[in-house]
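Both complexes below contain chain A, partnered by chain B and then by chain C.
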Partner chain A sequence: MTDAVAASGLGKAFGARQVLQDVSFGVSPGDVVGVLGKNGAGKTTLLEIMLGYTPPTSGGIRVFGHESLEMPGDIKSRIGFVPQQDELLDQLTVRDQLRVIASFYARWDFALIDRLCTEWGVDVNARIKGMSVGERQKLSILLAFGHRPELLILDEPVASLDPIARRQFLEQLLAISADGQRAIVFSSHIVSDIERLANRIWILKDGRLDWQGDLDSLKESIVRLHIRGTGTELPQFRIPGVINVRRDGAFATAVARDWTPEAQRALEKSASVQIEVETLGLEEIFLELHR
Partner chain B sequence: MFILNPQSGIPIYRQILEQVRRMVASGQLPPGTALPSVRDLALRHTINPMTISRAYSILETEGLLERNRGRPMTVASQAKNHTQLPKRLQQIGPLIEQTVVAAKQLQLSETELVKAVRQEWENSDD
Partner chain C sequence: MNAVARLVWAYFMGSALTRTLTAIGVVLLGLDVFILLAQPKAGEMLWVGVFGLIALFVGSSWMPLMFARLASSHAARVMPGARAKLLASAFVTVLLVSLPVGIIVPAAVVSDTSGLTEVMRDPAALKYVLKLAAITFTSAMIFAGWMYVVLWMLTSKRSLKGLVGTLILVLLLTLLPVREIRDLSVSTTWNLQQLVVVWTVFGAGFLWWPRVRAGRLRVDQPFGFVNRALSGRTTGREFDVLLGTSNPWLGVMALVVPLLLMTYAVGGASTVWLFFLTIFSTVTGAMSGQVPGRSRALWLRGTWSRATLFSAVERSVWWHNAHVLGALTLVFVGIGLVGGFSVPVLAYGVPLLILGSALSTYLGLAATQGLRWMEIVCAIAVMFAPMLLTSFISNMHASLVLIFALESGLFMLAVLLRHIARRRWMKIDWAVCRPERMMVIRGA
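For the complex of A and B:
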């Protein structure tokens, strides 16, 4: 299967400020990639480079086989984008705004958008000027869905949506990705949404991809360990991939990032300790990686 | 059919693996029972379909589930055999190994450990 996106060694600097450094990844059809990172970690810049909005200062990126900066129109029309800040035209009604965007594309799924307008409670007669932030966000999402993109890029798409609207949005994203032909890359601070939807996770930290891989593997490899010795004092030992460790007499608590059952057995034997493994949810993992 | 918690530290495919294994072993899912399709399960629980496919593939490799062309996966007719004694013993193996290591560290004798296990066994009978 050819990659929808392939990037290697991406770097981006604004003047002296290095925003991205040595970022490499691939996105395959069927993937739902959740992008996590603190404010200012480089998420938006990364997504904008994928869209060809801004050139990387180093490295290369290809989208559907084309350099992202030189994508021809027919390649661009296979991409959908929901920006963090909407680009709606205040003076238009929802219906007119939908028409304007639909006119840019050779194919537009009017039936899908009509159905979603009804399901999501978007009033096509409303004037955009008078709409709430949440309503505007719903409309921005609809505008990115109508041409049935093969690559959907979403930058904080749901920050202003209520839990019910967010769930409807997630269900629609799942329906879109269910045929295995489309790829979705979305950044969000709502970790529980990413935890439901994503099969792959990118954790951006200080402009670098600190962790990337399957969500399943992430949960299996980053764990909290509760270590107990047999005496009153814990022996000295080294935990592979340790992020932090706190010793307290005969006990220790540690977080490790490359944990395996083999590592556990080896450490238990060599250090004569007992280890209890506590698995962590995605939010905890994210916090631990930023301690 | 499944109780799935996406926020848990246990990956969803593992949650499915454990629940199917348990339900097959206990006879709650007799051979021939159809499982929900990956798509249905993903949409019903609002979770990524790949983690579900992964669980189903592992269960197929283990011989617990059978793939049927154009129809839902079913519990294998041989499933009972796979959950016979050796398989189940293999599942509890790591826990036994851990217990034995701990017992030796605590300088317990084999007899003392076996006695303690027997006591625990009797106490936990409901």
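For the complex of A and C:
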């Protein structure tokens, strides 16, 4: 099956500022990818390159087998996008805005949108100019759902939503992804949402894809080690893949990546220590990687 | 005072471009004052200072946009005395830009007459020079203030209201001084009265705006139907709706008030009519500057590549502009037939209207990367070239071959700008070319 998105060696610079470097990945139908990164890590740029809004300065990216910069219309109609800052027309009513956008697609699920408008409390007669940031965000999400896209890309879609709307949105996203035929890529600073929804995690750090893989692998790979020596002082030893370590007498706490039971056995044997492994939540992993 | 000084500094020195222009302006003005005061009969060197003034003004051209964004930001509501400081910074900027006019014009007169030493010795001459300095300085303050308003409207108010306002202001800015000069009615007192009234009204309105706005919102609802009728962008093709070109009749309506004003003020003078209608057609075409950013919303929603999207956008913009251009041409021909314009004026005037619109349309479409040196130079050329040509066309003794050649030159420039615009659209990067409102959000 063709990847929904496939990228290799992607780089992007704005003038002298390198935003992305050597980023490679693949997104298959059924994937729900959560993109994590600090502010300015390159999340929005990465998503905009996927969508063909901006050309990469190096490497290549294909969406449903086509170069993202030259996607034909039938490929574009398979993509839905929720931008970080909405692109709504203030002068229109919600109904008019929905009609305008629907007119660009051969298929538009009016029943789905009507249902979501009711469930999400979106007043179709309201003028967009008078809507709150959260209401505008809901409408932006609806506009991306209407043509039932096979690839849904969302750039911090829940940032302005209240907890109830956020939960409704996540449930809808789960429903969309349930058939396993669609791919979803979304960035967010709300790590718990990504943890709940995503089956694959990308962590962007300094313009590079520092981690990509499924959530369970990430949790198995990056762990906190509680190390206890036999004497009053810990002997000197080297922890493979260590991210940070804190020593205190006969005890030490370390965070390591690519941790395996083999590495644990080897270290316990060579340094004569006991190691207890603690699995971290996604938020802690993210913080440790950026410490 | 510190905040005001910092704001003014930011207006003039906010970017590499404005820093350079400000520095060039200051150097040219200083050089010109030196030449005029040191050299006898050097009045013709005033042009050095004029270029310095233009550079200084363009160097401060971010002021209206920065001022408006700061004024509408949430920060302005919570910072102590923010609106008063903003107002003061705008006033100081206008003052700084106008001050050199009050120096170089009298300096040129001094240079062309008896020289600085002689003027200082002669009380009557000194009084005359000081009076001239006061008049030119206060006139410059009035003119500069309105020019900043025009700049603000051109850069932020891309709407029917904005277009009407811009056209009326351009008209008033040009006509009123002409009338005053013709009637010899200008005086320092009259200028000061204007300045006091304008700045008092503007200042009071600006400082009280948050309360006025709150009041306006309360009475807005009963008249909501009027707002809805005026905003009327819900008609037209969806493609045009997203681009903002769906209702060209709004552009035509925007001409009504300025044209009525012109009929009252101008009468039947062919030169003035052609001059202003050319400005109108150029300003109307410049509205295409919003299109590259707005086309971002279209990219994922159609079958077009970047090349075909440019063609579709170009068609949409011309479909919109053709209505306005048609109205302007009808007005020009109608007034020409009634007012007895000569055949050459009519024959060369109509193509000039089209050329003015074409030049600014393609310049707007080419602005896919914001305003840079090339865009600024072209914008100045595009504004001034058609206006200069109007004086040739209206001159009874001007060679028709020369006019034809000049219009052909403008046509070639339009073709070149279209080529540049098309090439840029092949590589348009919507990560750096975003709709205006998003920029406002980021700037706030």
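The working rule: the second predicted complex is superposed on the first by the 291 of 291 C-alpha atoms of A that agree within 3 Å, B and C clash if a C-alpha of one lies under 4 Å from a C-alpha of the other, contacts with A are read in each partner's own complex, and residues count from 1 in each chain.
Operating definition for what follows: contacts are C-beta pairs under 8 Å (C-beta built on N, C-alpha and C of every residue); 3 or more make two chains touch, one makes a residue touch a chain.
Worth saying up front: this structure is predicted, and the values here are computed from it rather than measured.
**Student:** After the chain A overlay, clash or fit between chain B and chain C?
**Tutor:** Once chain A is superposed (C-alpha atoms), there is room for both chain B and chain C without a clash.
**Student:** To the nearest 10 degrees, what angle do the lines from the C-alpha centre of chain A to those of chain B and chain C enclose?
**Tutor:** So the angle at the centre of chain A is 170 degrees.
**Student:** Which partner does A:P261 contact after superposing on A: first (chain B), second (chain C), both, neither?
**Tutor:** first
**Student:** Name the contact category of A:D216: first (chain B only), second (chain C only), both, or neither.
**Tutor:** first
**Student:** Look at A:L92 in the shared chain and tell me whether it touches chain B only, chain C only, both, or neither; answer first, second, both or neither.
**Tutor:** After superposing on A, A:L92 lies in contact with chain C but is clear of chain B.
**Student:** With both complexes superposed on chain A, which partner does A:E233 reach: first (chain B), second (chain C), both or neither?
**Tutor:** neither
**Student:** For A:P55, is the partner it touches chain B (first), chain C (second), both, or none of the two (neither)?
**Tutor:** A:P55: touches chain C, not chain B.
**Student:** May I ask you to decide whether A:G281 touches chain B, chain C, both, or neither, giving the answer as first, second, both or neither?
**Tutor:** In the superposed model, A:G281 contacts chain B only, not chain C.
**Student:** So, does A:D248 touch the first partner chain B, the second partner chain C, both, or neither?
**Tutor:** The answer is neither, since A:D248 touches no partner chain.
**Student:** After superposing the two complexes, find the smallest distance in angstrom between C-alpha atoms of chain B and C-alpha atoms of chain C.
**Tutor:** Comparing every C-alpha of chain B with every C-alpha of chain C, the smallest gap is 28 Å.
**Student:** Which residues of chain B touch chain A in the complex?
**Tutor:** Interface residues on the chain B side: 6-14, 39, 42-43, 46-51, 54, 94, 97-98, 101-102, 105-106.
**Student:** Enumerate the contact residues on chain A facing chain B in the complex.
**Tutor:** 30, 32, 167, 170-171, 174-175, 177-178, 192, 195-199, 215-216, 219-220, 223, 230, 261, 265, 268-269, 272, 274, 278-284
**Student:** Would you tell me which residues of chain A are touching chain C in their complex?
**Tutor:** Listed in rising order, the residues of chain A that touch chain C are 14, 45, 48, 51-55, 69-70, 72-74, 76, 79, 81, 85, 87, 89-93, 96, 99-101, 103-105, 127.
**Student:** Under the stated contact criterion, what part of chain C meets chain A in this complex?
**Tutor:** Touching chain A from chain C are residues 228, 231-234, 238, 241-242, 296-297, 299-306, 427, 429-432, 435, 437-438, 441-442.
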